[in-house]
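Have a look at the structure that comes next, please.
In this document, chain identifiers A, B, C and D correspond to the written order of the chains, with residue numbering beginning at 1 in each.
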Amino acid sequence: MSSLWKALEGSRVLDLAQPMRKGMPQSPNHPPFRMALERRHGDMVRADGGSAANEIIVTGGHVGTHVDALAHVSQEGLLYGGQPAGEVMSHEGFSVMGIDGFEPYVGRCLLLDVAAVHGVATLPAGYEVTADDLERAAGDLEIRAGDAVLVGTGWSRLWESGDDFVGQRNGVPGPGADAGRWLAARRPRVVGGETIAFEHIAAGRGHATLPVHRIMLVESGINIVETMRLAELLDSGVREFLLVLNPLPIVGATGAPVRPLAVIA
Amino acid sequence: MSSLWKALEGSRVLDLAQPMRKGMPQSPNHPPFRMALERRHGDMVRADGGSAANEIIVTGGHVGTHVDALAHVSQEGLLYGGQPAGEVMSHEGFSVMGIDGFEPYVGRCLLLDVAAVHGVATLPAGYEVTADDLERAAGDLEIRAGDAVLVGTGWSRLWESGDDFVGQRNGVPGPGADAGRWLAARRPRVVGGETIAFEHIAAGRGHATLPVHRIMLVESGINIVETMRLAELLDSGVREFLLVLNPLPIVGATGAPVRPLAVIA
Amino acid sequence: MSSLWKALEGSRVLDLAQPMRKGMPQSPNHPPFRMALERRHGDMVRADGGSAANEIIVTGGHVGTHVDALAHVSQEGLLYGGQPAGEVMSHEGFSVMGIDGFEPYVGRCLLLDVAAVHGVATLPAGYEVTADDLERAAGDLEIRAGDAVLVGTGWSRLWESGDDFVGQRNGVPGPGADAGRWLAARRPRVVGGETIAFEHIAAGRGHATLPVHRIMLVESGINIVETMRLAELLDSGVREFLLVLNPLPIVGATGAPVRPLAVIA
Amino acid sequence: MSSLWKALEGSRVLDLAQPMRKGMPQSPNHPPFRMALERRHGDMVRADGGSAANEIIVTGGHVGTHVDALAHVSQEGLLYGGQPAGEVMSHEGFSVMGIDGFEPYVGRCLLLDVAAVHGVATLPAGYEVTADDLERAAGDLEIRAGDAVLVGTGWSRLWESGDDFVGQRNGVPGPGADAGRWLAARRPRVVGGETIAFEHIAAGRGHATLPVHRIMLVESGINIVETMRLAELLDSGVREFLLVLNPLPIVGATGAPVRPLAVIA
């Protein structure tokens, strides 16, 4: 282990997850996040004066920072690899391609800062990220098969803005189908970004179609990580780092919350 | 980053989380885990033939593999540092010492294999791990302040055994108060193990008192990680590795699920 | 029983509950209602060809048509009868004055149609119902101690309007403190109406103060039923009927959903 | 209304629901009931000294005293009337035959006390109620089409016994297929009883097949009410009364909790 300890000396760890609390921005399609204390200190005191508090949590698999499993999206009834969705879903969730089938990722990650390409901290609502944007953002960075690739829009800076972050009215910036294909062609293991859906959502459109989800999950077998908090990373100027992406192993779920970490050596 | 990539070449990543599913072993004190698909493919098909599935999840903060926040336990009404619990808990959870206050851990971890000390794969139900056991298990390993220290009992091998794993009847192996003090004296950042509670639970006793929780959380400010899946790590013989411990950042919660990873270089 | 059967011949039963579904109007203070099928037919088929479907439900005690328990509101820390709230609440809910302590009501009910007093089907958003309104609406109807008394505003006609029904922006019609005192003075067993809170909520005010809740629950020991669907009853012209009010007996809860019925002989 | 008030003078109302609380007996097939206070008094005090408490509730539609909707059970993929189940179920529940389609019942109810037929307060675990038992219990009582018919086993007396009430090991008393057909032939609107499933469950069998559910829900369009608290009614000797059965109108659900009332004139 000694070379690893040495390599990690002076490294920094950035937390790329948004905090989870009641009322945080999320898609109206998913169960609203709720945490309530159940037992509080003093409710039940043990003989020795000790007391424990706990909570109940209700959430969805696509709430807060999370990873989409391949089972999340189908096209014409088929999942990735042509698997008919109807054959693998039940009261126990998905028997294949659930989030428990996502091998935790600990590896190289590139951040393509499209906001910086346009000289802004945050891209405008409804801006469509293009393949050309990604080319320019990548610059000299070499994307290798199996890497993680994140697209920076600066949108995570709006987390506290609630409805604006969700973008039902004004849309959100994100990759169009063209940019999605550019990414998929590089065969990353996972892609993602700061918005609730890793898509370009035009003003007033909502999630009418999700071409990038189709391209990634159904056509290419590439997972997506969404609602990341990338602001600090974008500001740091770091574009290559070690990403740890380990969503909760919820058997059969179509996605799960995660607290991704960037390790910057 | 180049030295990091080099150090990680040939490294292995082990998943230390138990899979989360309905009916998995958990403490009866906490909300039972439940995941159900809400939308299935075909329920709502978009104009372009795409369809998305999702789920609803009910859980507790101490369900499955999880980290205890300092706010989890109080003694005589006081949390760590003498903070009166009653002043910091509300419908929004804990304003201090909640799991969102746990800085994700990426660092050195030692595994003290007490089962191996006794020449068994799994310690007997109700066995009390002693300070002497820990001394012998540590051997030449140097525990430094700020490390993570896990105690191996082999108990995670019983995960599929349901009631036996929970141990309401026969107890579970774990550190007694004596072993807890031995650990705390070494000032680790976090300690933990394979059982639901990181405690010695004698047969038929249940969670009548939780001395190790008091020693760690209340007296020492040391977090606890529980219900880990350590079997594969124990079998590997590896005793020092990089631990990634990043529980979900649920604001104000007394604990949160986590998918810990061991990186073995 | 024969006289009862005779009296009920030709009677009508009106359902006074709003339907419960995801996305229905409710107070943002309470957990959002959610129902999802868990098992669907075909997921698990028994040997004889039978299959059962079921669901998971998440809700609050004050969601949909519901009854407020006396424990719901305190004033200066005291519940009805001067009971200190802090002494009777725990992880098991309220040990006294919870909704399980509400004896199901089967008795006389009067409907005071304030909308009709003003010659409208629905009172304007933010209209404050006054004691004089109630006097005029009551007319010759004698209110007896122990009766149920409902105040008609027509607001249940807006159920499908979502945000307008909730009234965060424009307010909702309801009794002011003055009308509340007029009602309490008649010593009914229960009072209620069509809005989420049985209060006058002025435009833009929200639930800053809830004087009628204080008057009823804390000062008078009178329960409140809210979010009733009274439109059909108002249209019928019936002002006296048998009300059945039997909220779910959730032990220790501060309120519970109910499907009230009006029996009109 | 005057003849109704006169008929009700001196009437008694019995609550036929079991209290709902964490840990109460229920089928392991359904989401465990959980209620936790969310806000407690003092968490958020309004400017005028008022404070409100509330809760979060997780449950299933077949938990506690509840009514089965026709959509609950299918046979060879078909619901009542030959409706293919697959065509009417989605993320919004069932579009037909959900519990919201159950018209609240306020009408005549007969209690067939099979325990009394055998001279016991409670039938033995695993006892199969036969058509002959029902004949004898009915005696001179005339069952009319559209009535409610309850079968008394005394089993509700075991509510506090937890596992024994559930009967996974020793079974529960209830009607066999033969008794089910006897009941269905009389064309009641609803049938029910005290056990979790209105079935004969032999020792060690569990819910392997549910013939009475098939006969009632699928073949006859007759709803079932389960987990009723009939002990007091059985003890009273009353065999004919007015039943109020008004399950929560949860749109699309396969069942819903209810607090049934018996009005005895």
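To be clear about the criterion, contacts are C-beta pairs under 8 Å (C-beta built on N, C-alpha and C of every residue); 3 or more make two chains touch, one makes a residue touch a chain.
From a predicted model like this one, the values you see are computed outputs, not experimental measurements.
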Chains touching both subunit A and subunit B: C, D
Shared interface numbering between subunit C and subunit B [over half = same, under half = different]: same
Subunit B-subunit C separation of Cα centroids, rounded to whole Å: 45
Where subunit C and subunit D are represented by their mean Cα positions, the distance between them in whole Å: 24
Where subunit A and subunit C are represented by their mean Cα positions, the distance between them in whole Å: 42
Junction residues of subunit B - those touching two or more other chains: 31, 34, 36-40, 56, 58, 91-92
Overall pattern in which the protein chains touch one another (line/ring/star/complete/other): complete
Touching residues on subunit C, where the partner in the complex is subunit D: 1, 3-8, 11, 13, 15, 17-22, 29-31, 35-42, 46-62, 64, 71-77, 79, 85-86, 89, 91-94, 100, 103-104, 106, 108, 208-211, 213-214, 218, 240-242, 244, 246-255, 257-261, 263-265
Interface residues, subunit D side, partner subunit B - complex: 23, 28, 31-32, 34, 36, 38-40, 43-44, 58, 90-92
Sites on subunit B touched by subunit C in the complex: 34, 36-38, 40, 56, 58
